[in-house]
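Once you scroll down, you'll see the structures, which are given as structure tokens.
One chain, chain A, links the two complexes that follow: it is found with chain B in the first and with chain C in the second.
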Partner chain A sequence: MSLLPHLVNGLALGLLFALLALGFMLILGLMEQINLAHGSLFALGAYFAYAITAARLPLPPDWLEAWAQVPLGWRFTVAMFLAPVLVAPFGVVLERLMRRTYGRDPLYGLLLTFGAAMVIEELIRVVWGTRDYMLPVPRGISGGFVMLDLIWSTYRFWAAAFAVVAMALVWLVIERTRFGALVKAGAHDSEIVQALGHDLEKLRVWVFVMGTMMAAVAGVILAPVWGIRPHMGVDAVVPAFLIIVLGGVGSFWGAVLGGILVGVVVGLSGAYASEWSMLSMYLLLIGVVTFRARGLFGKKSVLEA
Partner chain B sequence: MTKSRVTRRTALKAGLMGAAAAGTASFFGPWRHNRVWAQGKKPIKLGLTCDASGQYGNSGQDDMQGMRLAIDEFNAKGGVLGRKIEWITADTETNPATGTRVAERFIAQEQCGFLLGAVHSGVANAITQVASKYGTIYMNTNSSAPSESGANCSRIKFVWDGNGTNFSKAAVANAVQKIGKKWLLLTNDYVWGHTTSAATKTEVEKAGGHIVDNLLVPQNTRDFTAYLLKVQQIKPDVVAMAIGGDDIKALRQQIAELKLEDKAAWINNQQDWPDVWGVPETLFGVFGTNWYHKLPLPGVAEFVKRWQTAYPKSPIPVPGNVSYNGYMATRELLRVIEQTGSTNNIGIIKALEGRKMSAVDRMQAYDAYIHPVTHQVQQTIYLARRNPKPVDNTDLFQIVSAATPEQALDAASLTACKLKPYAEVPTYEQ
Partner chain C sequence: MRADKPVPVVTPAMIVIWLAFATVPLWIERVGLYQYLGVEILIFATYALAYNLVLGHSGLPSFGHGAFFGLGAYGFGLAQFHVAADLWFCLGAAILAASACGAIVAAFISHRRGIYYALLTIAFGQIFWFIAIKSHAITGGEDGLLKIARLPVQLGVVTFNISHNVALFYFALAVFVVVSLMLWRLVHSPFGRVLKAIKQNETRARFVGYDVWRYKAAVLVLSAGLSGLAGGLFAMAQSSAFPDVMSLHYSGYVVMMVLVGGGLVTFWGPVLGAIVFLLARDVIGAFTTGWMLWFGLLFVALVIYRPEGLGGMFLRSARVK
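On to the complex of A and B.
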């Protein structure tokens, strides 16, 4: 049995994991807040995308009918951009709630976001019920293609390519813009940044909105792969957290490498020792933090850059 | 007015004494305890242990709709023994630990005389342990690990769904002869998956086939690519899946996405209706079920109509096998209470053991009965595949065969199941 297909699969899977972790990394790395509601925001992104793509919106019937006639590819594209915008206000509300926890014991933020996660999950149940949904994928990027003598999912490779583009954009914003520099400076020494006349509160809101929108984008991209269900947020937040710790809190490249490592390990264990496939990511984390408690890129985080 | 102040020391002492007393009491017995609840017109209370979240959240709610329909029908004609039937429910979260807590609360605090529910076999087993402690009758409506009526059977538990062995017996021998001998197993890594795959393996080998690999799939796996790549590399004749709930939905979606439906023959021992509804395009291969809402049998259409009238806004518009099992288990329990004229648990257990149920009454092809040795309902097992000519958007199955209860009998459970003598079961009357 050839190893190469499983390595390629692991890499593609890892890029999706990295995309999932990126929004989590932004908020944790730049604001030092563990946002346990990240998974629920991810789920909201998937649900909004479903509502937009499947034309199940609270709009007049004539409008919905007209929207349903629009080709699926366009509906999916609109969903990919609009769903994160619709989820963004949830991030603003969450940030407002979290203000009282800044500078205090991290446990307060943790508990608050945990509560928010439960509220959002219940909200999803109230609005969409408990049943599952499938996000339809446009014909052009669905189906399979043959590579290495095996059939592969076309959509999966599109999603991995999209993840690379999204990561590049986030990197540019953090590393190559004035906004990114201010946010990093604010995380390093908030008093100085405020003394220089910058509105730190506004900066924090923007970071939270960015992190929230990243979660929602990951939700839209992963929904056709994982399916849409109320507790999908819980399925997402655990690997996201694990990847951040593995890569090193606050490190952009740590999140990317952590995601890829987790993908490869899960992919290979799924093929060669299937009963270990879920456990493998936890073993990987234990292995890394035993020798390097700050994670793989702990030192070179954006916080300390 | 006197004020009493409880100091920390007093509370600790009281707690320790209480714990010691409780421990001593349970150490010295009584081994057999009796509960007699208030007589008269007190309602009969049922505890519905249904998942509302987790891998079997959808199925759990579908199960409950069947149960509630039966309860409502009895209440509409005055209840049972002149007593109204009340019910409570709580989310068992597809989690055995939660199942234990819910069962304990329902029996000890809520005074439920009977428990009904469970799709996940681990949850069912957890509820069984609690119910056995109190002697509370438990209708395991929808979990289908062979161990539920085998090694984990109980005098107080009755199993209503077909199990993995029943479905394997109905499907495997024919598939080995007609499709091929090289089989690959995909197994959900928990009790139902393991016991179902073990049953499939036995049947495959008995029919002259062989298992090339068994891939264990952890529960809540969302990405199956690694497994599907392996399927492509091994190129088996048949892939036998023992994957349930949300996991099978994700797996089916990914098989369909990769267009692997025709690369091997896919057999899913049992396909619950809530796992198919909403994703009909992923329905492929051959699968087992014990009921379908379009069976051309007397009573089916009327039952579907009653169910739809009761649930006009149900997320799934027709009753499936899960809802059917919930309905049948509840209806039969209430009938037996009525016929025995009492809520005495031992009397009800004896009336259920060996109970015969006609094919017409159960809306199945063959007569059914509750096996007195295993407490499992022996019933018709259908094999189905995707319907190529549906008459409406709910007509997803095409029934291809129907095995009799004898053909599908799980012989191993007859020796694996050891029921406690009646004398060791705590008695009660509600």
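On to the complex of A and C.
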């Protein structure tokens, strides 16, 4: 049996995992807040994308009809960019709530966002019910193609390419802009940054909005791979958390490498025992963290206290 | 110092709580509820007390505790099906299964703190949950173990049948009394003082000379074992064992119970939390399917404004008076 397809699929999945984890890392690494609601925001992104693409919006019927006539490719493209914008306000609200927990034990932030995750998941159930949905994907990027006598999923390659672009954008914002420099400085020493006259509160909101939109983007991209269901938030947040700890809290490349590593391990173990492949990522984490407490690229952080 | 006052073995509060529980079967149906709810509340109160040994008393954020509860449930069922259908033996198996797995987890995580501790407990919890779902041959997979019997209570010469919910309630109450008495003694013993020291400042506790690793491991094993006992009771009450209770959601529910009740500041908080949680489920659930939405909002509000929970608010208002 050839391992190549499993390796390549694992790699593609790993890039998507990395994208999922990066938004989580932004908020954790730059604000030292664990956002367990990341998965729920991810789910919201997927649901909004479904609502937009499938033209199931609370709009006047004739508008909807006109929207449904638009080619699927355009509807999908609009959903991809609009869904994260629609999810962003949830991040703003979450940040407002979390403000109370800054400076306290990081556990309170974790508990708060756990509660928020429950609330968002229940909201999803109230609005969309408990059934599963499939995000309609334009014909150009769905289906499969044959290469090296094997059938490959086209969508996975598109998704992986998109994930790379999105990650590159985040890297540019963090490493190559004034905003990124300020945010990093704020995480390092918030008092100095404030004393220099920068509005740290505003910076924090923007970090949160960025993290939230990344969660939503990941939700839109992963939806056709995983399907859309109320429980998808929890299914997403645990791997995201795991990848960050595996790669090292606060490290951009740690998150990318952690994501790819998890994807590859899940992909390869799927070759031998597909039922059990998800277990491999937990075993990987425990193995790595037992020997390297701070993950692969981790530095000492406040979270250890 | 207050802490140096000897703590009585049995306090008035304890007796009031036990007696209040003992009257429950007399009136619970008259207020529109049902007998089985009382059984569930006692089981979850026991579970929450056991969990609070880790979270509230030692400050260790374990977020995969549902695994131990579930392991107890499976331990009870499997012992009954494959070894011997004896109540004490099966409950022992539930405790043993959960505490053995607790020991494995403890060996890996006891030198961790804070968020890293939390994450590793989540990872281990997910592993046990995953194994429970996928091992169809042993656990029945998603369908679970069915037809678990409510075994009779054998006390030497007399034997009680607990297949009726009221009888089961009194048996669960007996277990609750024993567990709460034991935990009360434990947290007020020298061992409990060390736990408190670890909660306040682990580094300092280590420098004072305590082998912190051993204490943290011991407390997790103990809490896992008692959670397993509650899980065994739950399997008996439900006549079945499902992987659901081991999921991250259910592990979160016990955290919610403990926090809402005020387990961080009071010994009995988790009991109050379990009552509020299950009552909210039934009462709010009767009006709307999204009861968790409202309970979640209550939880969020409490974490933000009153992290000491309902029990803490009650204590504070009692002190002001």
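The definition used in the following text is that the second predicted complex is superposed on the first by the 294 of 305 C-alpha atoms of A that agree within 3 Å, B and C clash if a C-alpha of one lies under 4 Å from a C-alpha of the other, contacts with A are read in each partner's own complex, and residues count from 1 in each chain.
Following the convention adopted for this analysis, a residue touches a chain if its C-beta (ideal position, glycine included) is under 8 Å from a C-beta of that chain, and two chains touch if they have at least 3 such contacts.
Bear in mind the structure is a predicted one, so any value in this text is a computation, not a measurement.
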item: Fit or clash between chain C and chain B when superposed on chain A; value: clash
item: Touching partner for A:Leu242 - first (chain B), second (chain C), both, neither; value: second
item: Touched partner set for A:Phe157, first chain B, second chain C, both or neither; value: neither
item: Which superposed partner A:Leu110 touches (first chain B, second chain C, both, neither); value: second
item: Partner chain in contact with A:Val266 - chain B first, chain C second, else both or neither; value: first
item: Touching partner for A:Tyr102 - first (chain B), second (chain C), both, neither; value: neither
item: Which superposed partner A:Met278 touches (first chain B, second chain C, both, neither); value: both
item: Which superposed partner A:Trp206 touches (first chain B, second chain C, both, neither); value: neither
item: Among 111-119, 237-245 or 255-263 on chain C, the segment whose C-alpha atoms clash with chain B after superposition; value: 237-245
item: Contacts on chain A seen with chain B and repeated with chain C across the two complexes; value: 275, 278-279
item: Partner chain B, residues of chain A touching it in the complex; value: 1-2, 5-6, 9-10, 12-13, 129-134, 137, 142-144, 150-153, 155-156, 224-227, 229-231, 235, 266-271, 274-275, 277-279
item: Chain A contact footprint on chain C (complex, rising order); value: 61, 108, 112-116, 118-120, 122-124, 126-127, 130-131, 134, 247-249, 252, 255-256, 259, 289-290, 292-293, 295-297, 299-300, 303-305, 307
item: Interfacial residue positions of chain B with respect to chain A in the complex; value: 52-54, 57-58, 61, 189, 215-218, 220-223, 225-227, 229-230, 232-234, 246, 249-250, 253-254, 257-260, 263, 274, 277-279, 315-316
item: Contact set on chain A toward chain C in their complex; value: 34, 97, 100-101, 105-108, 110-112, 114-116, 118-119, 121-123, 125-126, 234, 238, 241-242, 245, 275-276, 278-279, 282-283, 285-286, 289-290, 293, 303-305
